[in-house]
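There are two complexes below, and they share chain A, which is joined by chain B in the first and by chain C in the second.
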Partner chain A sequence: MTDASRTPLLEVRGLTTIFPTRAGPARVVDDVSFHVDEGECLGVVGESGSGKSITFLSVLGLVRPPGKVSAERMMFAGQDLLALGERARRAIRGRDIAITMQDALTALNPALTVATQITEVMLAHDRAGSMDEARAAAVEMMRLVGIPAAAKRLDDYPHQFSGGMRQRIMIATALACRPRLLIADEPTTALDVTIQAQVLELIAELRRELRMSVVLITHDLGVVVEQADRIMVMYAGQVVEEGAAREVIEDAAHPYTAGLLASMPSLDTLDRPIHPIRGQAPMPGPMPPLCRFLDRCERTTEACRKSVPLQPIGGGRASRCVWAEEVAHG
Partner chain B sequence: MRLGKFVERFIGLIPVLFGVSVIVFLMITLTPGDPVEIMLGDARSSPEQEAALRRDMGLDRPIHERFFLFIANALRGEFGLSFFHRRPVIDVIGERLPATIELTLVALVVALAIAIPLGVIAAVKRNSWLDRVATVGSLFGVSMPGFWFGILLILLFSVKLGWFPVSGRIGFSAEVRSVTGLLLIDTLIAGRLDSFWQALRHISLPALTLALPMAAVLMRVTRSSMIEVLRADYVLFAEAKGLAKARVIGLHALKNALIPTVTVAALETGSLLGGNMIVETVFGWPGLGRLVVEAIFSRNYPLVQAAVLLYAVTYVLLNFLADLIYTWLNPKVRL
Partner chain C sequence: MSGAVAMNAGVQSPLALGWLRLKQNPMAIGAAMVTLLIVAAAVLAPIIAPQDPNEADLFRRLQPPVWLGGEWAFPLGCDALGRDILSRLIYGARISILVGALVVLIASVVGILAGLAAGYLGGWVDRVITGLVDILLGFPYLIFAIGLMAMMGAGFQNIVLALVYKEWVVPCRIVRGETLAAREQEYVEAARALGASRGHVMLREILPNILSPVIVVATVRMAHVIILEASLSFLGLGVQPPTASWGSMVSEGREFLLDAWWVSTFPGIAILVLVMAINVFSQGLRDAFDPRMQE
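Then we have the complex of A and B:
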């Protein structure tokens, strides 16, 4: 669904985030480039520790020291994020780019009422002139995300809500200023299976209603299949594969993506054995100039013992595997 | 909080206070030393006189009888006469208590005013030079003895610079009618700004002497609790909302970080309300501390018993107050 003639809403090139570790500097996000189009849903998939969350915290300017962020290019809606000062970056956060975190229980402040937490975003970005106005808008927002008796529950504290309702409140908080881009970081991981579908549906609905772009960060390919237009797969800080969602899922062009798909249980093919990827993702730290998936891959050859670039393989897709063609069509 | 819980907490006070009374009574009566001997001193007195005094003070009765008498009287709010002053214990304590309360409150306010901002800044700018200075300073504050620091303050600010008076609560000329017993308030009620100023100058150095060690402890507690809270997801989420830094730190983080500070402040306040003999002696402050220490030395049973009971009530009430503040700071905390 990529349209080359359109300027993307968010365009990032060469994003690198480095954290010092005992072993040396770790490139937790390593030369990552991507874009999110207007109204598009980009699925970002990877195991925990693959750098997917940090990538977007870097875009928001929320990486804390000693983490260091650099990029060749970071454009949002025509603004050069790299050239903006802290104040201007802050003005974009919450207003134009919002994020929801994995666990609403820890992301919502236990000591403040829901009213405070939703209204403060609108007040901070001058989206409401007075507290009354902000409260009215907060109630509306809570209704929009499907909280029953919203007006009555406005002055409750987060712990007084159920897990699913808390997730909705966090989403309401993030969407309070009707941002153009929502970064949903593992929106379903902390939830019961029955509620997961509801929350995903809610995000999809809100995306249509508010005409916003969504970045859906998840370790669960199943979540992405339904929602995303495009997929970006991350492994050990690097993008290893990207492309249109359907194509990536139907024939993955990187052994890691293929491994993720094979390790996914599916109702249609219950008799099919699940193949977990062997081994573990590397610990963050300095990496040798080799394919990072080397020791977990089943196709490893001598040709893999070098640094492999992310290469276009046609159709707007790209893979970081020397055997991309073979993986995709094998 | 519901009224029922309130009443429940107060009923819970009774066994605590009873227990304290028993312990105090036993400890003081079983301690060697005889008040009659101490009162008569070296003066030659006949055994008849001695017996009369003993009967007079009720010390001729058996111990269990004395205990029940003490409890029965205490329940009626009567603590008897101070052996030494020959006046009701309540009156003697009542004269000294306001001075101690005033000193404690001022010290508490000063300590919090120093500790919370410093603790927050030290946590936010962790490992900066400011953090290091504050941390080393607090080590100094905790470890320096009160009498020594008090004397230093007097030498510098009272003797050398002449900014503050050397001792006492207020000058004679500045006395006002007592309403609350707290001079800083009474002088304002009387509309005497000059007296208020005098009272403030009198209380400054002793309050500072008590406040600094307390501030040092509170600052460390605030700092470490703040460091913990700043790592929380909700702080990151608050930042992601684009809120001003002051709001993220001063509201989102601090409100969650203050619970340990309140706990320690309540404990410290409790011990200050007992009166600090050393600081009172150094600054000639007419508070409870010296009174109670003297009472212990002279085996002034009624006064000591009443004072310790007062301490116990104070501690329990302060803890209760701290619990109330917890529920405000973090509504998840249930009493």
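Then we have the complex of A and C:
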């Protein structure tokens, strides 16, 4: 199949989310376009505040006023999300598109039992006819995400589970309705390394088993390398690079991606020093029409002092850098 | 005992844990028992009251309590109409407790709903509700109630209404504040992300998390409402005679304070004991259930 004949599961074009700030409107998501194919894993990378999470909250319709979301196109499984009312958007959330929140320690309601939290999603979306049915399905979900003695622990409260287990329970609530797209927002941030690997393996396994697409939001390139088919790198609300995961990692075509890679410790190159990216990500607020990475970049020239568009550089890849070719092959 | 609490900590809901802590507080348990005793007396009034509370007999006018030369049939003496004070006290408890419980219950339901709506929905809903709350807070409670009673007329139903009109403000403010904090919690965002409606988020996600301060405050307020009811009855704006109420009993006896102190004093003590018992109990509740009081 060629790319042209295949309709992606989720297609977003020109997504912009604006929050008013004292300095003026901040475009925290600025003209972002992407797509997620059926069964694909898209890795979304960027440092804190780059707009990764808010991009997908915008897609789900979860941005609260005064935030304003607009887009040229937002299609999910043949449905135009922009044309749907709030009720229809809500019906899609949790049932067709589910999201797991960054911090599993706080994303579960401390006052409700795990059973309540998993079954409620199913009952709300009519995926279970009765409470008994929902509880049986909840036990199955908990088993699926690898919680030992699931049936026994069904009526426990979140504080009685460890961090890794809570992350699994959150994944179980997100998957309760067998969504077609799972957005995993920093699924491993609050976990230690061994548990991280388990949770990632779990997501990969469930993806195969339930044949769902996954968006993996993370600031950890290592996580993305192993899981994602494609990568989208975000910086200051914009997509700065995208392409097939392996190619982007091996051959970054934007200085920011290159910088992220250079600042990552690696077992193969222990002797090489780690290069942090100098400076700090810009504060959200009105931005001048310049390359946003300008003052942190090592390649800055006069040619960079303008607004740089995201340009295709061949092979399904794109970069928002004047020097894309040189960065990639230099 | 504390070992048992620690061991159970792993398998108990927050509510069950609070209950466990409450049971270890002797003051609170004692206060709860006093309160329950008065409630039981109110409920069982027809059975345990020695006399008919409204049966007057001028031959017994201002008869002293039994230890001052009265008779055992009227242990706490009689009032100016010769009615048995003990029986009137027992029946009067019904009014105090019923008004206290009803007002706090209705005010809590109204206040919780209004507070949730104001805190979670925000916008004009919040502005309208907080505006109303601010206006109501501007009136002194008793003056407000007196004014309302004067307009609506005395009577049991009107006392409850008059007090509810202002009382709901208290739970409303607490719930609004707690909701403002809770709505920013990640679990609320997570629930929304899984397709929860606004009503669901407010009632099923937020409310269970903020309920314990509301319950604690409701008990304190009950004591407060009982005093207000007594004050209204004292001023003659409460339940109408001959129905016994502690406030009106104090009022009826005040002309005879020097000759027959027992007419006013016993209902006064009854108010004091009930209000104190409720307050001590609610203090215990707070220690046991308020998460900020722990550790």
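Simple rule for what comes next: the second predicted complex is superposed on the first by the 326 of 330 C-alpha atoms of A that agree within 3 Å, B and C clash if a C-alpha of one lies under 4 Å from a C-alpha of the other, contacts with A are read in each partner's own complex, and residues count from 1 in each chain.
FYI, contacts are C-beta pairs under 8 Å (C-beta built on N, C-alpha and C of every residue); 3 or more make two chains touch, one makes a residue touch a chain.
Computed from a predicted structure; not experimentally measured.
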{"item": "Room on chain A for both chain B and chain C (clash or fit)", "value": "clash"}
{"item": "First, second, both or neither for A:L62, with chain B first and chain C second", "value": "both"}
{"item": "Touched partner set for A:I92, first chain B, second chain C, both or neither", "value": "both"}
{"item": "First (chain B), second (chain C), both or neither touched by A:A111", "value": "both"}
{"item": "Which superposed partner A:C304 touches (first chain B, second chain C, both, neither)", "value": "neither"}
{"item": "Which of chain B and chain C A:A136 touches, first, second, both or neither", "value": "neither"}
{"item": "Touched partner set for A:I195, first chain B, second chain C, both or neither", "value": "neither"}
{"item": "Contact residues common to both interfaces of chain A (with chain B and with chain C)", "value": "57, 60, 62, 90-95, 98-99, 101, 103, 106-112, 120-121, 124-125, 157, 170, 173-174"}
{"item": "Chain B partner contacts - residues on chain A that touch it in the complex", "value": "57, 60, 62, 90-95, 98-99, 101, 103, 106-112, 120-121, 124-125, 157, 159, 170, 173-174"}
{"item": "Residues of chain C touching chain A in the complex", "value": "10-11, 13-14, 185-187, 189-197, 200, 204-205, 208-209, 211"}
{"item": "Complex contacts: residues of chain B adjacent to chain A", "value": "232-234, 236-244, 247, 251-252, 255-256, 329-332"}
{"item": "Chain A residues within the chain C interface of the complex", "value": "57, 60, 62, 90-95, 98-103, 106-113, 120-121, 124-125, 156-157, 160, 170, 173-174"}
